[in-house]
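For clarity, chains are labelled A, B, C and D in written order, and residue numbers in each chain start from 1.
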Amino acid sequence: MYPCTSIAEHNSMEEILKKTVVTLPTYEMRDKSPPPPESNSLEFMLFYKSLEKEQRLEFLEKLSHDFGVDHRWASDLAAKLLDTQGRDVATILQVEDRLRYSLTPRYRQLLTHISKVQGGVKFLVDLRADLIEFASSKISDSPHMRDLNSTLKSLLSEWFSVGLLRLERITWQSPCEILQKISQYEAVHPVRNWTDIKRRVGPYRRCYAFTHASMPGEPLVVLHVALTEDIANNIQGIVREFATLDADEDVNKINAAIFYSISSTQAGLQGVELGNYLIKRVVRELQSEFPHMAQFSSLSPIPGFSSWLQGALGQHKKEGRATELLSEQEWREVEDVTGTAPGAPALEALRRLIGTSEWIHSDRLIHSLEPALMRLCAWYLYGEKRRGYALNPVANFHLQNGATMWRLNWQADTSPRGIANSCGIMVNYRYFLQETSTNSAAYMQNKFIKASEQVLGLVSQFQKSSKL
Amino acid sequence: MYPCTSIAEHNSMEEILKKTVVTLPTYEMRDKSPPPPESNSLEFMLFYKSLEKEQRLEFLEKLSHDFGVDHRWASDLAAKLLDTQGRDVATILQVEDRLRYSLTPRYRQLLTHISKVQGGVKFLVDLRADLIEFASSKISDSPHMRDLNSTLKSLLSEWFSVGLLRLERITWQSPCEILQKISQYEAVHPVRNWTDIKRRVGPYRRCYAFTHASMPGEPLVVLHVALTEDIANNIQGIVREFATLDADEDVNKINAAIFYSISSTQAGLQGVELGNYLIKRVVRELQSEFPHMAQFSSLSPIPGFSSWLQGALGQHKKEGRATELLSEQEWREVEDVTGTAPGAPALEALRRLIGTSEWIHSDRLIHSLEPALMRLCAWYLYGEKRRGYALNPVANFHLQNGATMWRLNWQADTSPRGIANSCGIMVNYRYFLQETSTNSAAYMQNKFIKASEQVLGLVSQFQKSSKL
Amino acid sequence: MYPCTSIAEHNSMEEILKKTVVTLPTYEMRDKSPPPPESNSLEFMLFYKSLEKEQRLEFLEKLSHDFGVDHRWASDLAAKLLDTQGRDVATILQVEDRLRYSLTPRYRQLLTHISKVQGGVKFLVDLRADLIEFASSKISDSPHMRDLNSTLKSLLSEWFSVGLLRLERITWQSPCEILQKISQYEAVHPVRNWTDIKRRVGPYRRCYAFTHASMPGEPLVVLHVALTEDIANNIQGIVREFATLDADEDVNKINAAIFYSISSTQAGLQGVELGNYLIKRVVRELQSEFPHMAQFSSLSPIPGFSSWLQGALGQHKKEGRATELLSEQEWREVEDVTGTAPGAPALEALRRLIGTSEWIHSDRLIHSLEPALMRLCAWYLYGEKRRGYALNPVANFHLQNGATMWRLNWQADTSPRGIANSCGIMVNYRYFLQETSTNSAAYMQNKFIKASEQVLGLVSQFQKSSKL
Amino acid sequence: MYPCTSIAEHNSMEEILKKTVVTLPTYEMRDKSPPPPESNSLEFMLFYKSLEKEQRLEFLEKLSHDFGVDHRWASDLAAKLLDTQGRDVATILQVEDRLRYSLTPRYRQLLTHISKVQGGVKFLVDLRADLIEFASSKISDSPHMRDLNSTLKSLLSEWFSVGLLRLERITWQSPCEILQKISQYEAVHPVRNWTDIKRRVGPYRRCYAFTHASMPGEPLVVLHVALTEDIANNIQGIVREFATLDADEDVNKINAAIFYSISSTQAGLQGVELGNYLIKRVVRELQSEFPHMAQFSSLSPIPGFSSWLQGALGQHKKEGRATELLSEQEWREVEDVTGTAPGAPALEALRRLIGTSEWIHSDRLIHSLEPALMRLCAWYLYGEKRRGYALNPVANFHLQNGATMWRLNWQADTSPRGIANSCGIMVNYRYFLQETSTNSAAYMQNKFIKASEQVLGLVSQFQKSSKL
């Protein structure tokens, strides 16, 4: 429709914006104005898609800067609101409503209109993904861009409200298209082939996704569940176990539901709560399928533990506190196995060991490193914070949901990836259904982390032995 | 769950409200606060449903009055905004955002949370139906209630945005549940039995509905279409014609699409644009099924014409202008047929005639009344206004959509209902697809009605002959 | 395609047959012959459908007479088979196979080919319905027509084999088309309106049908089930009870499944076992839905009882044995109520009473007639036979399936129809799942009827009191 | 259910057979006998599945030998039929019917009953696969086993009659289960991964399958179609072309439908016509989707050509006719390229070349071998016969369907498999819809092969140059 050579040209940006981002109607006419023709929205979408990354940035900056709130209008109404204080309530309410209306950015209307055309919602989700990328890469972090992002986020929150989402159970009978997507999106424990994915939707497994009317066939957030006898302490038993692939489920062997992977698929929906609600819906679904089921828990990775540990070891070395993190006995083991001298050399050997994942082939090291790595990991999860909340993003997610930090599991993910990320340790965040809402509030408002005795015990060992 | 005797008691209203309408988090904590437990929303819903009509009114008044905007906070921030004028834009944007947040009524959050629980959206749609009923019956028309209504309407507008609606074609293969509902909802030309409804979804007919993810199986707005050779001028040929019930459609006989009935089913979605969008979507659908199709038109009833005419006749009589509405020749015919004296007696006879629908059995009357009733009706549709827009609601709907007032049809609905409502006259509002958006804007902004020569001719005859 | 005037002409019949009923290939070429073109089958179908009833009869007679088995060929091979006696087994098997092949009627191939074209199977089902009608009306009962009928029946039996049928549960979500058909087909307890049919697929009810790949959307046999606390003794409580229409089912109140209506919809599938298999499949279905359910029973009408009783009374009167059927006490009651003299007048009065259904409005008559009508009815069901099997067709059906004649219920169907058909009596045939196959064999092979003590008691009372 | 050790024991075979293969009812009782309990069929199935291959053979031999036709009964009735000659036709028909009945093998009933239980039809399909395997491996080729096979085949033919099959179009939206199966079954051009299969159901491709009510989710025969501008002469362009994977189809570029792969999936349905009917149904489907489409053709492999050629070369060498197959000029080229002496050495070199597929890397050889290999291949397809029909099974299939041997394509399949099987040559069998039924009859009855001028030209070149 557009000659490709010209659409991205500089001056056309302004033209397109002027044409498509129509002026806000007056307050009086706000319900009397017919929507602009659909072609407006389509033109905007087509133009934006034709732009290169840097051009998009420029375009969005213009949009957010030149088509936002009319500050003059807003301040006039603010003044008027002050004038009405003491007047009758009807007048106050009226002015408040006008003021609220005047605070609407002009581009908000455009976003709403775009949401109504075919493919519009998906377009806005992807546009927001761009905004997030620009912000996170610090290319652009203007207050106007933040305003645009937050306006768009609040619109997306309405449209992706839980009441409008559809829970779908994914099975081997689901359309191939959706199963292929789920295979691709699975970032936590990658899917290698048809048998892998068949396993994850087969007996003793459940796979659920939220989909949305505006993006049919597109799973927004995917939750993989294993149905087990006890709360699983090992991921290989879940994703690499094919014995039961054609078995019938024996309901008597199903006592626990293990959430072993949850993936969001749309970068542009960052900050729009979906995973949390998906877990809650799935719990309800499972309770109705297995009324006797009482144990719900994640089996979660601990991304970042290894690099945090490397950092901590480096820091100790630099500060000459090489011997603090492990007990004397533990250091002795390291020295023995690695044939190094005490102090810095042993510490350096330990760093190398952890860096190379080789220690996993030595039963002796596996055994001797366990207490130290477990308590360090417990501290990393429980004690390391960012703005007062858990530094580890997976922990933060489950704690926000109201889960309890329940059990650290040694040798839980012995895949190269698992060793490299977290020395093979995984953690169960357990959902005690009676407690999740109080836990969630305590965490979000008071930054209080609910943890089990095992975790608290490891943390206190760490505190005793280390002076981090 | 609640003992019925106590829940509706006076003091429990306040308790329930205090408990369920939680305080707005501070601006800083607005993204940090976990949603209140679902049970809050469920309790509110259950309580409300248990109330009688008058109790509901009382309850909503309390809600809107005591849990709205915090005026003090808003005015403080308005003052702050005035202070920041001249400061850097980041500061201004920040204060604007805080001000916007402070203008959020406290109950808005509750409404959002309710929308997320099962059946929540439907609950809110029904609650708004109550609000509208209270407002229209003038029982309650406080500014707070208007604010609540408008807050709820804007939320519903987001949730029922077109991008989230699903177009469904209803056929004889559709679930019985949905067909029964469509039969019940059809208010324009009532459905009498299975054959009637089978006809309306059979060959040479189309029936479309919008449904929504949050209310599965519930058609929100239903459009009935007849596929005809020419633009139909008669409804009986559409709803009472069963000859083609088992025929195969002959695509060569399909040149026009006649929208002969459109019904909204949810009182609580008043003001949320659905019908307009449904017509547009259906036009697209039909164009892709019948690429050669070029004529789109409604065949619409004219509710209110007869009673308006009765009123006008009464008024003329009272004002002693008995002879104005008809020409001399026309009055003579009436006098002849009814055996009455000229002037008031003839006018009275005419009123009676129209009131009883008996004239329809006299070919002579049918013939002699046609010119007068047609020009009166044209005036009623084109000239009678309410706040500048067409008084007749059906006309107003199609004119807003950008249709042209195209043709009045004599003897178009000879059912008792049709005679009683509009002396058997129906009107085509025609959709010229190239023009609808300009027509719509001209009507909504400048109150300009696009009409055909036939209609304008009748109007001008009326203006010449009558001095209404 | 055919000019209607000429197709049905006499000589064209022979032409059509000669053209479409191709010669059987030789035994050697039987797998080498390509099927005739589809147009052959279509021509035959079109021609047949264009014929009037009497022409169809003539046409089928020609088909069956002139295009059947080649008797000469068959007898030649029969002779050859006799010659091979004593020869090696391979030779014998070969001749047997040739003989079997020679006994194939030539029209059998045509029927098979028709079954392969679109709508072909349905065509053959309807053609067989014609055959059955001709046979039953004795218009034509030639041995050739019987052969054609039996050939077609055996083909239909293969195609409608249970393994090829699909069990569908019909609900209020099923396509309207199928629910309308089910309403129409329901002959036992007619469906009056939407609410009626909604009731029969709603809570505490199940409706199942067999459908077949070759006739999509067409239920072949329909079974209505009520889920009750005890074995129901009254039909009005099932089909006229709307209290639970929107209730949720309480699984604790479901102890029994009552088959209260079973209807075959295709006259042409007479003799092809479907109902029997449907009941068995449904029992399995219900057992898996309600594992604790242990009672399965019909609640069946007794068509023909009233007219049998009228006949019996007439016979007694004629034979001057007026007083035999009732006890002295019972006659006295009749005389009292009707004010008639003993003997023939009383008997005549009784006949009239039963004929008019008026007795149902007299509590006294209801009470006094009960013992006599119950034991007469028991005898009718248990003792009256046709070729050794139960005369009553419903009884015969359930007994063939292996059910037990379990309980007669007084005042079980008080609808006018129920009173007129069977004096309001209904019967439960109960399915004891462990016994059905032995019961069925005992009935079919030895004509033995399994009945409960209640039924046997009534029969023995009848035998004592009456000398029918 | 069965102790595994004992079920396969010798004497239990006879017991199982005696128990489950019940005696045929007498002619008079044939409609009066209730079916044996389902458990009979289930027991037979379970037992058979528990057997090892050799035990199955023994078991089936017993079944076919001891539970077949009652020869004495049949010969008695044959004698009776001879006696009735000259009697009235009713008597003759009666005896014929009895004779026909007596020729039913006793096991036929069992097979019918098995078909009615869940999974029964699939069991019989697999059982017949065993029978076919036994027969083809010459382990067992008794006349009784042949009878059993032919009885079972005729039953399967009824059950898998075309009217009972469902055509399904397979797309990327189809259940993953079915797509995985189709990937596995594709034997002609193997599917390597998700992208491969996505390609084969994507734009410009169609994939159709027949499924059957008794084996849900199981495609029985699968046809892959490419939609092209011209009749394709190369398979890599079809299965390795991904450029259009996400394109929209341009209907103007679709003039031809190329059947490039057809696979039967059930060994046990050998001889039951499915592929033929699938092609016909798909042609109808495509004609209704693309009314202007006029070219239908296969692009078929030529399995067996290379080995036939090897054999022919070997034969020539042995017979000292080394120089016959190629022209002098052609031999010279071979000698040049391979550096061999004329005569036997050159022929040996040629054999080796063809055996190793190396020649494909030499443009010169590709060029110089083309005429010879093309005419040899044309002869192989057209001239080589088995019992008078084309030796090549793919050719035989399409010729039976009425296709024309239309075009040989050089370098049409350059995959290793294609070179190894047929020197890279493929052939189009073209379907001229007006001719297929006459072609089919001419081929099947008179063994006449319809071929194009190109093919006939090559054949005649071969005949001139070679003295095979």
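Rule of thumb we're sticking to: a residue touches a chain if its C-beta (ideal position, glycine included) is under 8 Å from a C-beta of that chain, and two chains touch if they have at least 3 such contacts.
Here the structure is a predicted model, which is why all the values come from computation and not from measurement.
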item	value
Minimum number of chain-to-chain contact steps, chain B to chain D	2
Most remote chain, CA-based centroid, reference being chain C	A
Gap in Å, rounded to a whole number, between the CA centres of chain C and chain B	53
Rounded Å distance between chain A and chain B, as computed from the means of their C-alpha atoms	43
Intercentroid distance (Cα basis), chain C paired with chain A, Å	63
In chain A, residues with contacts to at least two other chains	none
Topology of the chain contact graph, where touching chains are joined (line, ring, star, complete, other)	ring
Complete list of chain pairs which touch one another	A-B, A-D, B-C, C-D
Chain C residues touching chain B - in the complex, by the definition given at the top	172-177, 179-180, 194, 197-198, 217
Of all residues in chain B, those that touch chain A in their complex	29, 31-34, 36-37, 68-69, 71, 74-75, 78-79, 81-82, 85, 89-90, 92-94, 96-97, 99-100, 103, 112, 115-117, 120-121, 143-144, 146-147, 150, 155, 158-159, 161-166, 212-214, 271, 273, 277, 400, 402, 437, 440-441, 444-445
